[in-house]
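Two complexes are shown next, each including chain A; its partner changes from chain B in the first to chain C in the second.
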Partner chain A sequence: MPKINPNHATARRRKAVDKLMTSLIVVATVLAIVPLVLIIADVASKGIPVISLSFLTSLPGWSAAGVPTGGIANALFGSFIMIVIAFLISVPIGVGAGIFFSEWPESRLSTISSFTNDVLAGFPSIVIGIFVYIVIVLSTGTFSALAGAVALSIIMIPIIARSTEESLKIVPVTLREASMALGVSRWRTVLKVVISTGRSGLATGILLAVARALGETAPLLLTVQGSNLFPTSLFQPTAALPLLIFNYGMSGDPTLEAQAWGAAFILIIVMLALNLSTRFLLGRRLGEVRAEI
Partner chain B sequence: MGTTKIEIKDLKAGFGGLSVLNGISLQISEKSITAIMGPSGCGKTTLIRCLNRIHELTPRAWVKGEVVLDGANIYDPEADPVAIRRRIGMVFQKPNPFPTMSIYDNVVAGLRLNGVRDRKILDSVAERSLRMAFLWDEVKNDIKKSGAALSGGQQQRLCIARALAVEPEVILMDEPCSALDPVATAKIEESIMSLKQDYTIVIVTHNMQQAARVSDLTAFMYLGEIVEFGDTTSVFETPKSELTEKYLTGKFG
Partner chain C sequence: MPKVPKGDLTLKAAAATAAILIIGLLGSLAVELFLGSTPSINKFGLSLILGKTWDPLDNVYLYGAPPFVYGTILTSAIALLIGLPISLGVAIFLTEKLKGKKTIAYVLGTVIELLAVVPSVIYGLWGLFILGPFLRDYVEAPLHRYLGFIPIFRGTPLGSDFFTAGVILAIMIIPTISAVSRDILNAVPNSQREAMYSLGGTDWEVIQKSVLPYARSGIFGATILGLGRAVGETMAVTMVIGNMPNITASLFSPGYTLSSVIANVFTEAPSALYRSALIELGLILFFVALIINLLARLLLWRMTRGSHFRI
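And then the complex of A and B:
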């Protein structure tokens, strides 16, 4: 009986090429992950020793001899306030725009805005910073947390709008038709059925936008400037984590530099937490929808 | 046979430059089951989607002509499509329960989304609709479970219950059993037959045996036109058109 695979040489060569390609791909993957691992390890090793309750809760200060003491409480609070305000501005606008792009694609306004939205998403953040500097800082006469929040929301809106649009577009047409066939109006269908079905994608987009905004430094340089005091009003120069990392890191003073590592570690922890939570959200929900298709 | 519930007058419809319906005129009798059958592509789905104004939701879709429900044209410019769709319900070919809602929430969705909040009303509507769809006994203990966790046949009966909950006068069914096995199909046909006492039913099917089993009146469509229409027994046993006869004997389709 003839053998099923008479040509051993070709088969061996094919297996060897297969192994080679697989190895190359694995190497590429490892190389891609290495920077992330190295950064996290570096920041963790230099930052963790600095973290303490007083580090997180006290303000920057100096002892009589000029040695820096104190912590990053003002920067933590400043960043937090700015993110919250940026969130409150960008979520309604971004989600609203995303809904419009997805549910009313036939409108001219929709196609044009969707395109400009994509352009804005790729804008250099320092340009956005300059824009807000001119429009808000110069006209109000002061650096402010408000200006910073506005700059951050301009960065966040396109991200949220795009992911909202994508998540809603995935919702099957047949679900919209099912709702409309029950005599439900179009806007109620969008609000109660479409958004409800696409909600995990929406949440993911918002979380990713927040994670991005947390780390933006350039626009903050031009809008909030930074400060050593605890924020008391939205209309004064305010401290923020990325700014603190930048200033302390370049200061040349070993204590301040150590504090910069600590702040960097905090930033990375928060970003990792946000990113991981999106995996959890998206993974579960997509699983449910897939099961019934 | 009975009074006319819906009169379709010279209905033309299509997408963009493509014409799918070439002038359909038909009378749908009240409280009976009218089957629309024909080979793929003849326009039967488009026809049924014009009856509850779902067709126009597709981009580039157009409609000409009149569809008169109880004496009023649903395509009148003053007519409200949302109100019409509450009177004419639809069950789709592939079961489409709302995936994020439980069985109970699915059934009462039509009421809830229109503002009905009273728990007692919703509870009684849910039970009544599920009974009419012959699904109550199977799910009454699991009514808060996800709608997507049911089998295909159960999901389709859930969709029927959902359509019934808003108390329409007419129920349109677009090949409701084509994605289901014979056992599930039989259950659904049973519930359809029991519904005709209270509702006017129009069912599109490419399964002519189903049309013969279930309907009182049958229309045969081909290439966007009604070739023959009459009571089911006559159409099947003594078709007037040669085309109908060819379709029934399987010479094409």
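And then the complex of A and C:
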């Protein structure tokens, strides 16, 4: 084998290029992480001082001089209501479609619907907001928590369907065969064996969908409008946490801006907690399933 | 033929209904947007798409899509220009440089994926109060002072402009592009790398000459997916772009995008016709997003033979 002279100009140049590119790659990775650290640090340092029990439990209010004094209870309640309704709508549809994708993957319906589902998952949420505005806000004549919930459920369905499919597909085929060999019918096998084996993956997908919906703002802008009060019915304008952050952040009023940071801190903590816990849940569970195979 | 139990049929019917609903959802989205924009299409014809002005303060409302389409294209282009190299760097670092260090790669990968978890309204808040002023003072002002003779650096550095919007979008698409590219690079067979190493290639030569070319179409798909996110992103852009319809080469000018004008004006639209014009902008966004998504999925689908990417 010919020996490469380490002092040869070409060899030196190649090594230099290699070093340069390696450092650029490291720089890129650092650049990608810095914003995350800064965002979390800034939201925490500006948000934490605002937070108190009354901030979380009282409605927006104004002092006699017109300075905002209240809290964000309306937004917390509104977001909660909408997530619950969106959950009730999206889980049956999402899980049902996911079961169809994993149980009948060869059917033409499965191929088309699965592809549609992917497309829907990457869709601009503001367009979903327009759709719900036309279908629900215009026909009921009012902005409402129900309209907001429907918009959020359209965002959740593709996420739930995809994760259901994936968590059911990794259930070992031997489990299914064992159940069928005992004479158990297919639907019982799917419901009792397949789903219960893949249930933590299923739960993970649903939690991720909830987290995603919790932070969505654009469709709510067109469907719930916001309100300073607790809603008394599903058919009236309602507040939501991300919407409040947007409105307060753009208000130009320093007190409201500070409150926006406080609300942002609450939101980011919930989002990070939901995501990290699901990651932990899924990571461990996937390990177990692999070990079983 | 053995009798199929009733339960089996019920399960299949219920699951199929859900699958059909998803198709119906996309279908009715298209139909409703089209119906909603018919008044505007009938009234203005092509002039909405070709028209140049949009002045909601004027008593005679003038409609025109170009400033918004321009803003969407410009901000997405800035986002890709900044975000793509960084995302590729991250993906290469995670797959090629951290080979065999699975735990570190997992933790780093998770940290970067968390960027996708931060809600866009929080990016907006951060962009408005922290990033915007920072860019204005430390990036835009020097660029303007020393390179102001180049048209893109003309204008007044404001911090709420095309440039800030592009940077925020770059940060937001990094997790998308880097996570998908990482999976693509992981799918490149090792024989591909070994061949180049056995020829005496350096690490970078292996990446540049045999890994990246092999992953080309997948990385392209990942990029398109990131582009889709940038094009559709609403809240963060609305909060930092300054919200003024503008067609100018200057990056330091306030602008508007398709999605941000809908977010800002829709609920306060002064007339049904005005609202219909906004819905037509939504229809444009719908088709752009549809094409981008179809393209990305097809590219990724081909590269990975059917397995999915959840972003």
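Heads up, the rule we're going with is that the second predicted complex is superposed on the first by the 263 of 293 C-alpha atoms of A that agree within 3 Å, B and C clash if a C-alpha of one lies under 4 Å from a C-alpha of the other, contacts with A are read in each partner's own complex, and residues count from 1 in each chain.
One rule holds for everything that comes next: a contact is a pair of C-beta atoms (placed from the backbone, for glycine too) under 8 Å apart; a residue touches a chain by one contact, two chains touch by 3 or more.
Remember, predicted model here, so these are calculated numbers, not experimental data.
Undergrad: Where does A:Arg188 make contact in the superposed view: on chain B (first), on chain C (second), on both, or on neither?
TA: In the superposed model, A:Arg188 contacts both chain B and chain C.
Undergrad: Quick check for you: in the superposed arrangement, does A:Ser179 touch first (chain B), second (chain C), both or neither?
TA: first
Undergrad: Under the stated touch criterion, which partner chain does A:Met21 make contact with: chain B (first), chain C (second), both, or neither?
TA: Once the two structures are laid over each other on A, A:Met21 reaches chain C alone.
Undergrad: Taking the two structures together, which residues of chain A meet both chain B and chain C?
TA: 185, 188
Undergrad: Spell out the part of chain C that touches chain A in their complex, as residue ranges.
TA: 5, 7-8, 10-12, 14-23, 25-26, 28-29, 32-33, 35-36, 85-90, 92-94, 97, 108, 110-112, 114-115, 117-126, 128-130, 171, 174, 178, 200, 202-205, 207-208, 225, 228-229, 231-235, 238-239, 259, 262-263, 266-267, 278-279, 282, 285-286, 289-290, 292-294, 296-297, 308, 310-311
Undergrad: In the complex formed with chain C, which residues of chain A make contact?
TA: Result: residues 4, 14-15, 17-18, 21-22, 24-29, 31-33, 35-36, 38-39, 42-43, 92-97, 99-101, 103-104, 109-110, 112-131, 133-135, 143, 154, 157-159, 161-163, 166, 185-188, 190-191, 211, 214-218, 221-222, 225, 242, 245-246, 249-250, 257, 260-261, 264, 267-268, 271-272, 275, 279 of chain A touch chain C.
Undergrad: Please name which positions on chain B make contact with chain A in the complex.
TA: 52, 54, 57, 59, 82-87, 89-90, 92, 94, 96-101, 109-110, 113-114, 146, 148, 159, 162-163, 166
Undergrad: Under the definition above, what is the set of chain A residues touching chain B in their complex?
TA: Counting only chain A, the residues touching chain B are 106, 172, 174-185, 188-189, 192-193, 196-197, 199, 288-289, 291-292.
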